[in-house]
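Note that chain A is present in both complexes that follow, paired respectively with chain B and with chain C.
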Partner chain A sequence: MIRTLRRSWPGVPWVVPTVVLLLALTIYPLVYSVKVSFTGPAGFSLANYARLLQDRLFLQAMAQTLLYTVVALAIEFALGFALALLVDSLGRGRAFVRAGLLAPMLLPPVVVAVIWRLIYNPQFGVLNGTLRNLGIHTSALTWASGERGALASVILVDVWEWTPFLFLLLSAGLQALPQEPLEAARMDGASPWQVFRDIVLPLLKPVMTLAILLRTMDLLRIFDQIFILTQGGPGFATETVSLYIYRTAFRFFNFGYASAMSFLALGLTIVFARSLMRLMRVSR
Partner chain B sequence: MKSTVKYALALLALAAAVAPIYWLVTISIKRDIDQFAVPPLWIHFQPTVRHYVELFRGGNLARSLWNSTFVASLSTLLAMLLGVPAAYGLERLRWPQDWSRKIGFWILSTRMLPPIVTIVPLFLMLRRAGLLNSRPGLILVYTAFNLPFVVWMMQGFFREIPRELEEAAMMDGDSRLGTLMRVVLPVAKPGLAATVVFSPIVASNEFLFAFISTQATTSTTAPLAMASRVTQYEIRWGAMSAAGIVAMIPVLVFAGLAQRYLVRGMSLGAVKG
Partner chain C sequence: MRAACTCIIAAALLAGCRNEPPALTIAINAGVEGDALKVAAAEWGARNRVRVDIVELPYANLFEKELLDLTSHTGAYDIIMMDDPWFPRLVEDGQLAALEKRPDADFLASCLDVCRAPYRTCVFYALPYVGNSQLFFYRKDLFDKHGLAAPATWNDVLAAAKKIGAAEKMYGYVMRAAPGNAVITDFMPLFWAFGAEIFNRDGHAAVATPQAVECVRFMLELGKYSPPGYTGFNADEVSGHLLQSTAIMSINWPAWIAAMDDPARSKVVGKIAFAQVPSARQKGVAELGSWLLGIPAGSKNRQRATEFLFWATAPEQMKQAALRGNPPTRRSVFNDPELRARFRSFPAQLASLESARPRPRSPLWNEIENAFGIRVSQANSGSVTPEEALQRANQEIDAIMQRAK
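== the complex of A and B ==
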C-alpha cells in the first residue's frame, strides 16, 4: 500500500505540510462555522437562516456592497485601461510615470484611510479648503461624513487606491503582446482602431479577465478602508456585508448569525465569480 | 494624439496619484496652526519634527512596529519553509492525472475566501487554544495567509528552470531533496528573493484579523496602532499623519526591492511581469 503510494504519488510528502496547515486554518474553521450557524439555544436550528431572509439591514448592506463593487470596478477598469494605453505610448519618462502611478496601491489600507480623512474633513480638510479658496460654498459638501455623499466618497477612495492595480496588470499585458500580428495588420492598412479592436483586445482578454476577477473578489469583501474611514456610517450609508458581519460577531457577539451571513456572502461571491468567468469564457 | 497632450495627461494622472500622499507628508511636518490654513499650504510652511518625536515618545508605537516586523518575518520564514517544497513537488514530481493542477488550484482558492467568512471560527478556535492576543497566534494565521501566495509564485519560478539541470544532478546520484537544495534553489534565487520580499507586504497590509484577534498592546501590530490613533475620539492630525508615514515606509521599501516582480506578485503569479 505504502509502496504503491510512493510509486504513483511521489509528490505527496512535499505537499502534505502545506495542505495540512491550510486545512486546519481555512477549511476546518469553515466547517466549524457551518455548525455554529445551524446551532440555536436548543441544539439544531434554522433560526439564523430564517432571520437572514427578514433582515432589512443585511439586504441593504448587500445592495450597497454590490453597488460599490460594480461602480468601483467599472471606473477602475476604464481608467486603468486608458492609463495603460497612454503610458504604453509614451517615450521618455515612461518608467518614472509608471512607478509614480503605482504608489497608492502599495500603501497599507490604514494609511489610505488616514490620507482621505485629512482630505475629506468638511471643516479642516484640504478639499473643502481648496474649494473655499476658489470661492465655492462648501457648507453642503460633507463628503464621507454626510449621509448622501458618503458612499460616493468611499468609492472615490477605492478608485484612487486600486486603479493602479488594473493599470499594472493591463500594462504588463500590453507589454507582453506579440508584435508580429500588430505589424502585419498595420502593413495591411488597418486603422489604429481596427488594430486595437480586432487584435489587441482579443489578445489581452486573459489578462483582462484575471484583473477583473481578482479585483471583484477584493471589492466584494471590502472592509478595511470603509471601517477606518466611516465605520459604515453615517447611519448605515456605507455599511457593507463584511462590516455588518463584523458588527454582528464582535459587537453583538452573535457568532451563529454572523456565520450564517458569511455563508450567504461566500455563496454569492462564488456564484458571482463563476458567472463572471463564464461571461468572459475563460479556458483554464 | 500629440505627444504634448499625452504628457500633459500623464502628468495629471501622476499628480492625482501622488498629491494625496504628499499632503500626508506635509501634515506630518506642519505645526498645528498651519494644518488647517486656508488656502491650504502646499509648500510654504515651517517644518517641524514635533509630531514624530511625540509619536515615538509614547513607546507603544516602537513596540507595535517591532511586533509587525517580528510577525511578518517569522510568518514569511514559515511560509517559505512549507511552501517552497510544496511548489517544487507540485511542479516537478509525477502526479496521477491532473492532480497537481487540482491541488494547486485548491491551495490558491483558500486565498480567495473572504476573510470575514473564516475569521469568526478562527477567532473562536484561537480563543479556545489560548492563542488569542498573542504573537504565535498571529504568526500562525499569517503563515496560512502567505502560503498560497508563496506556492503560486514559486511554482511559476520553478517552471522556468530547465529540467536538464536537475536530471544531470540526479544522474550523479543526488536525491530529490539534495537536487532542490544544491541545484534548483541557487538557480531560483531571484524568485526566492521576490517571494520573500513580497510576503511581508501581504502580511503588513492585513488588517481585519490583526484587529479582531489582538486587543492587548503587547501583540499589537503597526497598522493597528495606527488605526487606534485614527479612531480615537480626539484626533491629533500631526501625530496621525506621522504614524501613517512610519507605517508606509517599510512597505514602500519592500515594494521598491521587489519592483521587477510587482506584476507577478500582485496577480498571484498568473501574469509574468
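== the complex of A and C ==
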C-alpha cells in the first residue's frame, strides 16, 4: 500500500512533516481553544458566550477598540495619502524624504510607547515643557494620564508610528501607476483635480483596499502601545479588546472566557474585512 | 584548513550539547528585589560547585510564567520568587511543595503568616525573602519649617498638603492612581484607616459601605493637591515627584528609599523622613508586599532547592541582601547595629512591617483588584461618583466570587 501511495503521490513524504508540524502548532491549539471556550465547570457550556453579552466592560472595550480603529485609520490614511502625493510630486530628494518618513515605523512599538510615555508626562515631559516655555498654561494638559484625553493621546502615538506604513503602500501604488492614461487625460485638457479624481483614484483602489485592510486588522488587535502607555486607564478609558483578553487569560487565568472573547473578536474582524472587500469591489 | 575549522566548530557545538543541566533554576523579579538574590545564587553555586541558572522576568510577566509552570508541572523552575498577593493562587491544588522544616522564630510574624496556606495557619510553602511594607514618605525639612509635626492622621496629611503646598508652591500629596494594582496599592491603607473592608464576615463584597464612600471622597480631596494627571501615575511617577522636589508627601515602598538619598538622582537628599501610614477612624496600617521564595511541586531538584532556600534566608545571607538594598524579613537583621547605622529608615521599616496587613488572601485577588481598581480609578478621574463607582465595584466583586463557586 505504501508503495502504491508513493507511486501515486511521490511528494507525500516531503509534505508530511510540514503538515504534521502545522497540525501540532496551529490546528490543534485552535481546536483546543474552541473546546475551552465551550467548556464550563460541568462540561459543555455556552456560559462563556452568554457572559460576553452581559459583560459591560467587554462591550465598552469593544466600543473603544472600534472608535480607536476608525479614528486612527481615518487620520493615518488621510495623512499617508497626502504625504504620498506630496513626495510623489517632488523632483529631487524624493528617496531621502521617503527614507526619513519611514523612521517611526522602523522602531519597535514598545520603544515608541516608552518614548511617548516620557513625552506625555504632564510635569516632566518634553511636550508640556515646550508648551510652558512658549508661555502656554499646561496644568489642564494631562495627555495620556487624563480620562478625557487618554484615548486621543494613544491614537496620536499610533498615527505617528503607522502613518508611514500607509504612506509607503500608497506611495508605491502611485509609483506603479501607468503613465499613458494620465498623459492622455492631460493632453485632453483635464484639470489636475479631474486627473486625480477620475484616473488616479480608480487606479489606486486595489492598493488603497489592501492598505486599509492590513491597517484595520492591525488596529483591531492593538495591544503593546496601550499596555505600556496607559495599561487601559485612567479608569477604563483606553482599554481595548486585546488588553482585556490578555488580562483575562494571563492575569486571571480564565482561558475559557478569554477564548470566547478572542473568537468573537476574530469573527468581527473577518466580517469587517469581508464587508470592506465587497464594498471596494462593488464601487470599482 | 576548511576541514579543521569545521572540526573545531563541531567540537564546540558538541561540547555545548554535553553541558550539564543546572543544579537549580530560579525565577526572579527583574528589579531591585531580585538583584540581591542573583548575587546570592551565584555565591551559593560557586561554593557548592554547581551551576545555578537565573531566569529574570519583569514584574508584569513573572506571575503568568510561574503559574503556567506550576499548573503544567513542567519543572522549569526549582525556586520561584513571588509577590505575596500571588501566593494564594500559586499554592492552590498542591502546586507548591510544602517545606520540610519549619522556619525559625526570628522571622517577623507578618512575613511568615503569608507563607502559610491557609493564611496564618497550617503548612509553610514558602519563606519570606524581602520584607516590603509601605511607609509614609514626607518632607521633614518643610514640615519643620512650617512648624508641623509628622502627620499622624489623614486629616493632618490634608492640612499639611494645603498649608505647605500653598506656601512652597508644591503639590501637597502624590499617589499612585493608575488602574489595577497601582491605584489599589495606595488606596488600601486609606481604605482600612477609614474602617472599610473588601469583604464582610460572610465573605461577600463590602466595598460600598458608608465608610468606603467617605474614604473615596477623602481621596478625591487629596487629589486636589496632587499633580495634574495623577490618575495615570505609577510608582515611578510618584517617586519622580518626590525626587524632583515637586511634591511633599506620598505612600511609597522601601525600594525607593535608597533613591531619595542618592545625590545622582535626588534633589531631596536627607530631607525625606519615613513614618507610619497615618490613621483615621482606625489605626493606620501599611500594606504588606513581601517577596517570597517557594519551590514548585514539579521541581526535579527539590532537595537542593530546599538547601538553597534556607541558606539564602539565613541571618548572615539576609544581612548581605540588606547591604545590597533588600529590606530584611528577620528581626535580628533589622536590629543589627551595623545596618541600623547605615540605613536610617530601618526603625520605621521594622515598625511598619510588624503591623503591616496583607491584601485579602484570595486566589481571585488579581481579578478582584483589577475590577476594584478600574472603578476607584474612574472615581478618581471624576467620570463616576464615589457611590456609583463603589456600587459597581461591589457588584463586580460579588460576580467574580459567584463565578468561582
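As a convention for this text, the second predicted complex is superposed on the first by the 258 of 284 C-alpha atoms of A that agree within 3 Å, B and C clash if a C-alpha of one lies under 4 Å from a C-alpha of the other, contacts with A are read in each partner's own complex, and residues count from 1 in each chain.
In this section, a residue touches a chain if its C-beta (ideal position, glycine included) is under 8 Å from a C-beta of that chain, and two chains touch if they have at least 3 such contacts.
Please read all numbers here as calculations on a predicted model, not as lab measurements.
Visitor: Can A:G146 be said to touch chain B (first), chain C (second), both, or neither?
Guide: Touch partner of A:G146: chain C, not chain B.
Visitor: Quick check on the superposed pair: does A:F124 touch chain B, chain C, both, or neither? Answer first, second, both or neither.
Guide: Both partners, chain B and chain C.
Visitor: Under the stated touch criterion, which partner chain does A:G267 make contact with: chain B (first), chain C (second), both, or neither?
Guide: Neither chain B nor chain C is touched by A:G267.
Visitor: Looking at the overlay, does A:A258 come into contact with chain B only (first), chain C only (second), both, or neither?
Guide: A:A258 contacts chain B only, not chain C.
Visitor: Give one of first, second, both or neither to describe whether A:G40 is in contact with chain B, with chain C, with both, or with none.
Guide: The answer is neither, since A:G40 touches no partner chain.
Visitor: Let me test your reading of the model: by the given contact rule, A:L57 touches which partner, first (chain B), second (chain C), both or neither?
Guide: second
Visitor: Considering only the touch criterion stated at the top, classify A:F236 as touching first (chain B), second (chain C), both, or neither.
Guide: second
Visitor: Give one of first, second, both or neither to describe whether A:F250 is in contact with chain B, with chain C, with both, or with none.
Guide: Both: A:F250 reaches chain B and chain C.
Visitor: Return the residues of chain A at which the contacts from chain B and from chain C coincide.
Guide: In the superposed arrangement, which is not itself an observed complex, chain A uses residues 123-124, 231, 250 for both chain B and chain C.
Visitor: Could you pull out which chain C residues touch chain A in their complex?
Guide: Residues in contact with chain A: 63-64, 67, 71, 89, 177-180, 227-233, 237, 240-241, 244, 246, 364, 366-367, 370, 374-375, 377-378, 380-383.
Visitor: Spell out the residues on chain A that touch chain B in their complex, using ranges where they run on.
Guide: These residues of chain A touch chain B: 8-15, 17-19, 21-22, 25-30, 32-33, 36, 83, 86-87, 89-91, 93, 97, 99-111, 113-119, 123-124, 126, 129-130, 132-133, 160, 164-165, 168-169, 172-173, 176, 207, 210-211, 214, 217, 220-221, 223-224, 228, 231, 241-242, 245-246, 249-250, 255, 258-259, 262-263, 265-266, 269, 273.
Visitor: Which of the residues in chain A come into contact with chain C in the complex?
Guide: Touching chain C from chain A are residues 57, 121-124, 138-147, 150, 230-237, 247, 250-254.
Visitor: Can you name the residues of chain B that touch chain A in the complex?
Guide: Touching chain A: residues 1, 3, 6-7, 9-10, 13-14, 16-18, 20-21, 23-24, 27, 35-40, 82-83, 85-86, 88-90, 93-96, 100, 103, 107, 110, 112-125, 140-141, 143-144, 147-148, 151, 201, 204-205, 207-208, 212, 223, 226-227, 230-231, 235, 237, 240-241, 243-244, 247-248, 251-252, 255, 259, 262-263, 266-268, 270-273 of chain B.
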